[in-house]
Amino acid sequence: MKVGFIGLGAMGSAMASNLLAAGHTLTVWNRSVAATEPLASLGARVARSADRAAQGEVLCSMLANDQAVREVFLDGGLLDAMDRGTVHVNHATISVALARELAAEHEKRGLEYVAAPVFGRPDMAAAAKLNILVAGKPAAIERVRPLLEAMGSKLWPLGEAPERANVAKIAGNFMLASAIESMAEATALTRAHGVSAADFLDVMTNTLFAAPAYQGYGRLIAEQRFKPAGFALPLGYKDVGLALAAGEAQRVPLPFAGVLRDAMLEALAAGDAELDWSALALVAARRAHLDERE
Amino acid sequence: MKVGFIGLGAMGSAMASNLLAAGHTLTVWNRSVAATEPLASLGARVARSADRAAQGEVLCSMLANDQAVREVFLDGGLLDAMDRGTVHVNHATISVALARELAAEHEKRGLEYVAAPVFGRPDMAAAAKLNILVAGKPAAIERVRPLLEAMGSKLWPLGEAPERANVAKIAGNFMLASAIESMAEATALTRAHGVSAADFLDVMTNTLFAAPAYQGYGRLIAEQRFKPAGFALPLGYKDVGLALAAGEAQRVPLPFAGVLRDAMLEALAAGDAELDWSALALVAARRAHLDERE
Amino acid sequence: MKVGFIGLGAMGSAMASNLLAAGHTLTVWNRSVAATEPLASLGARVARSADRAAQGEVLCSMLANDQAVREVFLDGGLLDAMDRGTVHVNHATISVALARELAAEHEKRGLEYVAAPVFGRPDMAAAAKLNILVAGKPAAIERVRPLLEAMGSKLWPLGEAPERANVAKIAGNFMLASAIESMAEATALTRAHGVSAADFLDVMTNTLFAAPAYQGYGRLIAEQRFKPAGFALPLGYKDVGLALAAGEAQRVPLPFAGVLRDAMLEALAAGDAELDWSALALVAARRAHLDERE
Amino acid sequence: MKVGFIGLGAMGSAMASNLLAAGHTLTVWNRSVAATEPLASLGARVARSADRAAQGEVLCSMLANDQAVREVFLDGGLLDAMDRGTVHVNHATISVALARELAAEHEKRGLEYVAAPVFGRPDMAAAAKLNILVAGKPAAIERVRPLLEAMGSKLWPLGEAPERANVAKIAGNFMLASAIESMAEATALTRAHGVSAADFLDVMTNTLFAAPAYQGYGRLIAEQRFKPAGFALPLGYKDVGLALAAGEAQRVPLPFAGVLRDAMLEALAAGDAELDWSALALVAARRAHLDERE
């Protein structure tokens, strides 16, 4: 298939390379051109503008946030430049509000729109093992299914309205942040009573919480290894903000999200913006002044 | 080995039956005598008093809470009645404060004391698949190891001070409650945006959160099946209280535990005391007044 | 002085009438023209556009929120239409971010800008008893002092940077909301123990809390008289949002604001959007299911 | 009247001296005898035991907390030693649960019991300007009215059940703590935006919050003068605990109290146990890492 891909961060690059590997004809674009080089060496064409990358049957995009999506597709006029019938597959984690707006803007222009946010870190993207949440019109999803299957190990269909995939992604990231905070508080408690985070999390992540989310972040907390960040605090803060905004839109109180917001702000105030979001464990430990005791 | 077992609720009965199955000579006692009958039919002797059950080499106890443990062992004089050198294996989920007090009271009387709280529900206890946290003097633990191995699939040693096993159990239950609350809030959010709890949790509990804790409680939340309770709300409330008390003792703030406390109180105020603690999902849904919309 | 006034809600109308009463030449404008009539009958000229109202030495504005201010002054081009040297006195409760942006936009055009948000309800505005927070360049403030003194009983200077007045207003409203919530929770507690809100608040608001904020809202809570709203819940929700946004901008965690946000969302989910924000007391009572007991 | 007074801390001593000044015959007792000396020099008899101080018509007590009250009156046997018909006026801030228990224990022994907790600091006690909450049987209250009027400027009758006065006192102290926390967070916010706590609180405590509670604590926060403590953090923490316990007893969620609990624990973890509870402002400032910016 002739496919365009824009947004070549760590995730996007890995996803795009799997489209190439699956034999698709790929044209890529990225704001900073350096990120296109590895893909070019694998056989991708590098477009000079987003518009040019969008001339295939399908355009996949993996941009950083609402602002980037808005700048490229709406303010930057990319939607206006796309041919009727083109399918846009949006992998970004964006707000429910923008998801709705985008659905309407695509509709208005005769473009197909599929929301396909993903769970998985760059290594899973590289291994084509992403879990992909999908929402959009069935026919559009069928058209892009080969692409999604080349990038992920499993598709999770969530209905027609694109924002349904986005709210699920947002709620899932909220659960991740909550899991991290619960480990942060629990280990502050056990440490204060003499049980190390490593000993405690060894039990928990091999029994009741033997799941990828807990094992990955649990290891970082046990080893106090928050750098380099797999997923940096400001990104986590943004995602908690998306959950709060989605709650506001439909009037759903989210007390855990409020606690997360404050803990992340506290981490950012402490200057930890470059750390992984599992550094919430530092906040819990500082509040208990644990380092002054040990 | 000659073993006594007191406290024959659903957990204790299942654990005791595995001691019998492993060939140990078992004497049991329970406040209400009816609970002793199934074990008697399997070959256990039924003691007329707790004292008489405590005349073997080892006494295991699985009582409901601090109050029950205090009444039987301290106020009821059971510790005074035990022979020097007897090992008491305490499986109950009790406070760190009582754990410390018990350690001292056993020491004073020349009794051995092993804290061995467990993770697992009655069905896992019956299948001898409990995860057992263990803390106490190495020699005492070695003596009771065959018993613990007959009841659990894995032992998790946590050091000498018995309260270390208790704080880990308390922190673990706090993590469980947090996992439930995070699913409660997340599903309130997705439902308000049109994605059912079942659809959303299907994704999450088969991907990032593919762990027993999430799968079990996730199913109850997806199916709104809170009755009969596997673990009733008042027990969950008690356990969150143990976490808060352990935090207070060592001055560790636990904001998630504060949120849990209020949500559970709200459930109890609503008359949900007989429901499973996963009924926190009802509280989150009521706060968003979801049922009035759908 | 020749003064323009735009934004003639309950507050703005009362404030403008005091400018007339003090002998100033007043030109008014309001989006819906009906609101201009009472002032016209008192001698104000009614402008056909905001631009025309802005042709005096000073333009006062009392618009509803960030959006209204942005629409009129920035997107609507009012700033571009004003003569260099004109002083704009902005009484609205707006975000710190917009306050900064406005300061820069005025500066750029050679306009003077004074932030002058007020504390007080319409009856106090009518009586010229407002407390007015003022920030801006000293010379500009001196020029508009006679106007401010005609509208308020006291000016509170807060420095040169206009947003300083806004952050103080925002923080003050956050304190008001917190006072209401503390009465909401406290009276839920006393009611559950048999002491009525009226009896309890009678003590508190005549002793430790003998202040206007507590006495006014305390009366509404004691009498469960939330309608008609003096200050409706959505406005309160907006103001808590301004506090959270100001906290975010400078990385200041605000746990009380998080609690307020959730309680207000819960009230809005319950359909209480037309009630006074002291209806937070209903939320606290519902969480305790008090009405089902009494 | 022949009156006994036990518990001669700063509050109790000041209250007792006003009974002397009003011409009553006073016998005092205190655990540490030194505290009795100033009263002895004013004409009080010093009893060698609590029993002896309780031989008048009325016994007033102002002990520190539940534990002290329990030790003296219940475990220590003082209730058993008192003559039938004696009125016990209990000024202590105690739990609702103990208040109920005491009421029953007095009843059982034919003793009269009046709960009379007070609002006011030692200087107000010395000036006989306390606000006294009163609950008990009307006849008993009438008998002790002259004493209460000698110690306070106003009595606030709250009904017959003694615990009603206690829950009002507890809820009132919760409101005080909430007022402090709201100033703590609000000033962290304004400081981060360049407005000093002093400038901001000057506005607030002279306008909407022109009440003793805000003015007193506001001054301490503005001047960062937390030492010597007027009311030390551990006492505040105890009182928030009483509110949480009263909420638990009647299933009333108190989210503000949960936030207060965590903030106070954090202050205690920081080693601030000797500071006034208005030092919650330090916690809010530390969370925002304000001192590292200024």
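As written, the chain order gives the labels A, B, C and D, with residue 1 at the start of each chain.
As a working rule, a residue touches a chain if its C-beta (ideal position, glycine included) is under 8 Å from a C-beta of that chain, and two chains touch if they have at least 3 such contacts.
By chain, UniProt protein names: A, B, C, D = Beta-hydroxyacid dehydrogenase, 3-hydroxyisobutyrate dehydrogenase.
All values reported here derive from a predicted model rather than from experimental measurement.
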Of A-B and B-D, the pair joined by more C-beta contact pairs is A-B
Among A-D, B-D or C-D, the pair repeating the A-C interface (over half the contact pairs identical) is B-D
Determine the centre-to-centre distance between chain A and chain B, using the mean Cα coordinates as centres, and give it in whole Å. 37
When the centre of a chain is set as the mean of its C-alpha atoms, what distance in Å lies between chain B and chain C? 52
For chain B and chain D, what's the span in angstrom between their mean Cα positions? 39
Could you tell me which residues belong to chain B and also touch two or more other chains? 247, 251-255, 259, 262-263, 266, 269, 287-289
Looking only at which chains touch which, which shape fits best: line, ring, star, complete or other? complete
Interface residues, chain B side, partner chain D - complex: 247-248, 251-255, 258-259, 261-263, 265-266, 268-269
Contact residues on chain B for chain A in the complex? 96, 119, 131, 133, 154, 156, 158-159, 161, 163-164, 167-168, 170-172, 174-176, 178-179, 181-183, 185-190, 192-195, 199-200, 202-204, 207-214, 243, 246-247, 249-257, 259, 262-263, 284, 287-289
Residue numbers on chain B that touch chain C, as the complex places them: 255, 262, 266, 269-271, 287-289, 292
